[in-house]
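By letter and in written order, the chains are A, B, C and D; residue numbering begins at 1 in each of them.
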Amino acid sequence: MSILINKDTRLVVQGITGRDGGFHAAKMAEYGTNVVAGTSPGKGGQHALGIPVFNSVADAVTKEGANTSVIFVPAPFVKDAIMEAADSGVSLIICITEGVPTLDVVEAKRYADLKGVSLIGPNCPGLISPGKSLVGIMPGNIFKEGRTGVISRSGTLTYEVVYNLTLSGIGQSTAIGVGGDPVVGLYYLELLKMFENDPETDSIVLIGEIGGDAEEQAAQYIKDHITKPVAAFIAGVTAPAGKRMGHAGAIISSGTGTAKEKTDAFAKAGVPVASEPAQIPDLLRAQ
Amino acid sequence: MKIHEYQAKDFFTQYSIPVAEGIVCRDVDSCLETYKNLFSEVVVIKAQVHTGGRGKAGGVKIAKSPQEVRQHAEAILGMDIKGFKVDRVMVAQGVNIASEYYLSFVIDRNSRSVVLIMSREGGMDIEEVAATAPEKIIKIAIDPLIGIPEFLARKAAFMLFDSFDVVKQAVPLIQNLYKLFTETDASLAEINPLVVTKEGKLIAIDGKMNFDDNALYRQPEVEALFEPDEEEKREQDAKSKGFSYVHLKGKIGCMVNGAGLAMATMDMIKLYGGEPANFLDIGGSSNPNKVIEAMKLLTSDPEVNVVLINIFGGITRCDDVARGLIEAFKYLKTDIPVVIRLTGTNEAEGRELLKGTSFHSAQTMSMAISKSVELSKSRIK
Amino acid sequence: MKIHEYQAKDFFTQYSIPVAEGIVCRDVDSCLETYKNLFSEVVVIKAQVHTGGRGKAGGVKIAKSPQEVRQHAEAILGMDIKGFKVDRVMVAQGVNIASEYYLSFVIDRNSRSVVLIMSREGGMDIEEVAATAPEKIIKIAIDPLIGIPEFLARKAAFMLFDSFDVVKQAVPLIQNLYKLFTETDASLAEINPLVVTKEGKLIAIDGKMNFDDNALYRQPEVEALFEPDEEEKREQDAKSKGFSYVHLKGKIGCMVNGAGLAMATMDMIKLYGGEPANFLDIGGSSNPNKVIEAMKLLTSDPEVNVVLINIFGGITRCDDVARGLIEAFKYLKTDIPVVIRLTGTNEAEGRELLKGTSFHSAQTMSMAISKSVELSKSRIK
Amino acid sequence: MSILINKDTRLVVQGITGRDGGFHAAKMAEYGTNVVAGTSPGKGGQHALGIPVFNSVADAVTKEGANTSVIFVPAPFVKDAIMEAADSGVSLIICITEGVPTLDVVEAKRYADLKGVSLIGPNCPGLISPGKSLVGIMPGNIFKEGRTGVISRSGTLTYEVVYNLTLSGIGQSTAIGVGGDPVVGLYYLELLKMFENDPETDSIVLIGEIGGDAEEQAAQYIKDHITKPVAAFIAGVTAPAGKRMGHAGAIISSGTGTAKEKTDAFAKAGVPVASEPAQIPDLLRAQ
């Protein structure tokens, strides 16, 4: 097993006729993901990379049985794209696009909640259940099937960690990048719970960074509810206050959201924190 | 993006939020002129800078005569507050304050919504209140589909004020500030202090607004107020080239793909005893031009004595990245040593290509960082 | 509340919904003047009346020359359509119609929301389409908290149109018509036909809007367009006195408290062989002035030969109602027989008070209605 | 038992300091309803008729345990009043006010749905569970405790019917006026279901009128789901098309919503329809 995506995932790519959408649709299909449809208003009836294109996500659901959507449309159109997907009948939406206005995400996420649909992202690399399905822009070849769940606010840092895991022979059940913006969809608590309940996940790696207090909350949640071993890493120990470190969400405001606070919270919850990515496999093995 | 107090108050006025009347002045003469025109014996002269704590720094003074206006204006104009030079002040009417409150809207990550924050501890640093007396802070999450109906504004107002007369003034103020917040894509809209005057009027005495950088494309009126300082200019210039850049004060320039990995690289430099010179995320792709631009940016900092390039090859393979780097360095003349670490897809092929070049190539992140720190230290001696 | 086609189109234009250009004219000369100014060989002359079916009645004609404009304008102006006298016409540009559609927003009782109704059977009576080919009608309920996001407008437009060029025009049209509907408190906003011209343009050829009477207090722009006919004036006059009144053509005037009971009273009059003269709900209270006003209204109808007063005493007790009636009839001079039936709280006391008056007092609704019908018939002979 | 209100109902009166609100608050209390609070912004802390007045419904819920709200505020303020109540923690809202703009009701009802709160009205007389609780403006003294449920779109016509039932010795479990506007809250289907599930209701009277097709739907629903005897009455047989008969909802549009269609639907569903109110007791007894 795995969480969120697997062999039954039937993916529709919103913005498949765009440069990024097309490129990654091909990569995902190549990995083995069931990419069953794409959308591009006005191009319904055409094909892109051999994949049928529809005018709407609803059409992709009705005609191709899509149950998951991945969004590559430009930032100004993301809010509408998420709402469209949430209204269409898919149960999971992954938004890759970066640079989306925060209030657009606030509204679109609320709408998705109203429709009972899960959202991952925006500004995220997506997720992968190795050997089963890849949705997003992660490089599939560095992953390995296995029993460790990975949750991360980052992209390449996740790959770095996963690469170390894979090299150490530790495979992954599912690896998820939740996104680097201040407001995004599924986050630590929901995902920790899913991994805890997944019989094919034995341990969890959590990769956090500065900004907000989600790591502190996750630490408390792990202490209270998670029985599986967890190892953590926090990026941004050296980040100065008040500066946005690439991710819109990675900013230390008025002295809160620092790496130290987060590391302390994990320590208090009994979760070992790696001081560099290469330590993570050992931290997992030691538990 | 930050704006000045007087600009925030212009927005307040556009949205019918009462403010103490005031005018921005760039020299002492206009301060005196404004003092005359305000018909107020008491005025407040306030430095307009993109940072907090101006009060403690002496940037806010009360004046009761033309002499005092001149004296304070002269002192404040030109003052340096936390590295920001004061080039204008606001001269505002004095107000008979009966009581002070705090009221703001911010984006809240946890509830994934806009949150109304209020406190009866107005005029104080709200983070301090939050830390020392969290029970004195009221937070109300706003449902984006509903906004703030009158009943909710009234409920909030009754939590903050005892007088129904003030509540009735607060209801539209709360609704209008939320409207301003959402319509301008703000990330913060703060009134501190919000005061009740001795005459029973509700007035915003100080105002602060920050905006969502991602939404500036649809907020031309906000964008027009952007006044970057020197560092922000450098960051913005980087942004226009597709980079995220933050300047620090160390010696080791870093070029990394991905924000998280870039932060982790900085952290490890520090952990290994070095000093990172910057945060630089160059994003995806192996485009040589991007590398050239990034190198120019790093080497424009005279402090930098080593450059560390840390690339995780994912969708873009390591061999392609290596080719891009080699191509780029054909056009770059520099005697600063460059440490390169390529990991990920096709990393062996990538490293093979780098053999025989002048780059210091490292296999792991630890090795790359050790090498960089070692080189940086040796170059200081 | 109804408005004319040209007024609906003025609203459309305010909301950027494209309409065939046209001007309202009150006489033949301005029709000819308009024909000249429209720079269109073909024009359509359309009667502006508050009723449907004007086409079948000859109230819509195409003209291709000044002579034809004169001829048709003369014929239509002054025409009587279902009891409505035509005092103005719209002279509108002819359009090269390629295909016709139906599009409207209405309030839907079942989904308790605004519903978008569309059909490819444009130009037809939509109720007829609904009855004969319901599968040709598309209905989309709009969530009032969400409105119509672009994706939903696009989804709807793709259901109606095959060309993406037309879809792109339909998206803002649908969003704007909904905005118009909600911002003016409409109960109907209909475009029929909505046409695609041979040039590929989407245009509203006919427009119809009705409005929520309960919301007129906040829609002064709409209320200003109210043009009541004679009957509506009578109903409005009644409304201003706190009554609901609808005129019918029978002999038995009814005065009832409560709309449901008033309808049931009319129904029973008919069931018992009589003819109700009106629907009149006088609402609650036993105020004699209200009874006086109601009697004046009923007796102003020369057809009325009996008045039936049917009151259910609830919160207002029957004895108080009886006292009010006795008081009222002190000021009313009429030889029309009055049947009174009081039921409910304290009905015995109420009936006791009516003893010895000239009223025909009845104990049950059946008895009161039998008596009224009997009296009415006897007075015709 | 009964539906919706009973001895545990703790009522807050929105607009208690208004003329109608005050008058009916007294009447309800006199009947035996637990009128625990009233609201009137700015008058919190005062008392009206001995009942504590609060600035908000939320205060009435917190401080007096109110679980049901009745609204008497003027029409322009009804939307906000319903939303306030829906947000306050009460589980049932009864709106008496007439003349409320339809779009206000559409929005407020949707908001109440979102909050999981039931709405009755607006423009309705309220409801009564005889001997237990009266909420609204119905005259309590004409009702009698018993086992027949009454659902009606009307006010005085309901009293007429109930009066006939009471005189015939047929008491009522609960009687509800759903309101005469085109858009209102709880309606036939929801209430029929509640009566069907109420062990202390043995039979149901449904009083309809012209306009809309709710009676036709109810007839179908009764045929499919209701096992208890039902008798119906429809007002407006003689109403002309296109005219609003007092109630904003009582209008025959383009020949639909006629009394004949409704009567036919009931006949088809096997529900006897009375030709005058006085027949209803006999129709119930005959089943």
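The rule we apply is simple: a residue touches a chain if its C-beta (ideal position, glycine included) is under 8 Å from a C-beta of that chain, and two chains touch if they have at least 3 such contacts.
Keep in mind it's a predicted model, so treat the numbers as computed, not measured.
Participant: Using C-alpha centroids, which chain lies at the maximum separation from chain D?
Facilitator: Computed centres place B farthest from chain D.
Participant: How far is the middle of chain B from the middle of chain C, if each middle is the mean of its Cα atoms, in Å?
Facilitator: So the centroids are 58 Å from each other.
Participant: Would you mind pulling out the distance in Å between where the CA atoms of chain B average out and where those of chain D do?
Facilitator: For chain B versus chain D, the centre distance works out to 56 Å.
Participant: Can you give the whole-Å distance between the Cα centres of chain A and chain D?
Facilitator: Once rounded, the distance between the two centres reads 49 Å.
Participant: For chain A, jot down the residues that touch at least 2 other chains.
Facilitator: Residues 111, 114.
Participant: Find every residue in chain B that makes contact with two or more other chains and list them.
Facilitator: 145-146
Participant: Does the chain-touch network form a line, ring, star, complete graph or other?
Facilitator: Topology of the interface graph: other, matching no listed pattern.
Participant: Between which chains does touch occur?
Facilitator: Between chains, contact exists in these pairs: A-B, A-C, B-C, B-D, C-D.
Participant: Touching chain D in the complex: which residues of chain C?
Facilitator: It comes out as residues 107, 109-110, 112-114, 127, 143-145, 182, 185, 187, 212-215, 217-218, 244, 246, 248, 256-264, 266-271, 276, 279, 281, 312-315, 343-345, 364-366.
Participant: Which of the residues in chain C end up touching chain B in this complex?
Facilitator: 145-146
Participant: Please name which positions on chain A make contact with chain C in the complex.
Facilitator: Residues 41-42, 44, 55-56, 58, 80-81, 83-84, 87, 111 of chain A touch chain C in their complex.
Participant: With touch defined as at the start, can you tell me which chain C residues reach chain A in the complex?
Facilitator: Its residues touching chain A are 146, 149-152, 154-155, 158, 164, 167-168.
Participant: Quick one: in the complex, what on chain A touches chain B?
Facilitator: Going by the criterion above, the answer is residues 24, 27, 75-76, 99-107, 109-111, 114, 137-139, 141-142, 152-160, 163, 180, 182-184, 207, 209-210, 212-214, 217, 233, 235-240, 243-250, 254-256, 259, 275-278.
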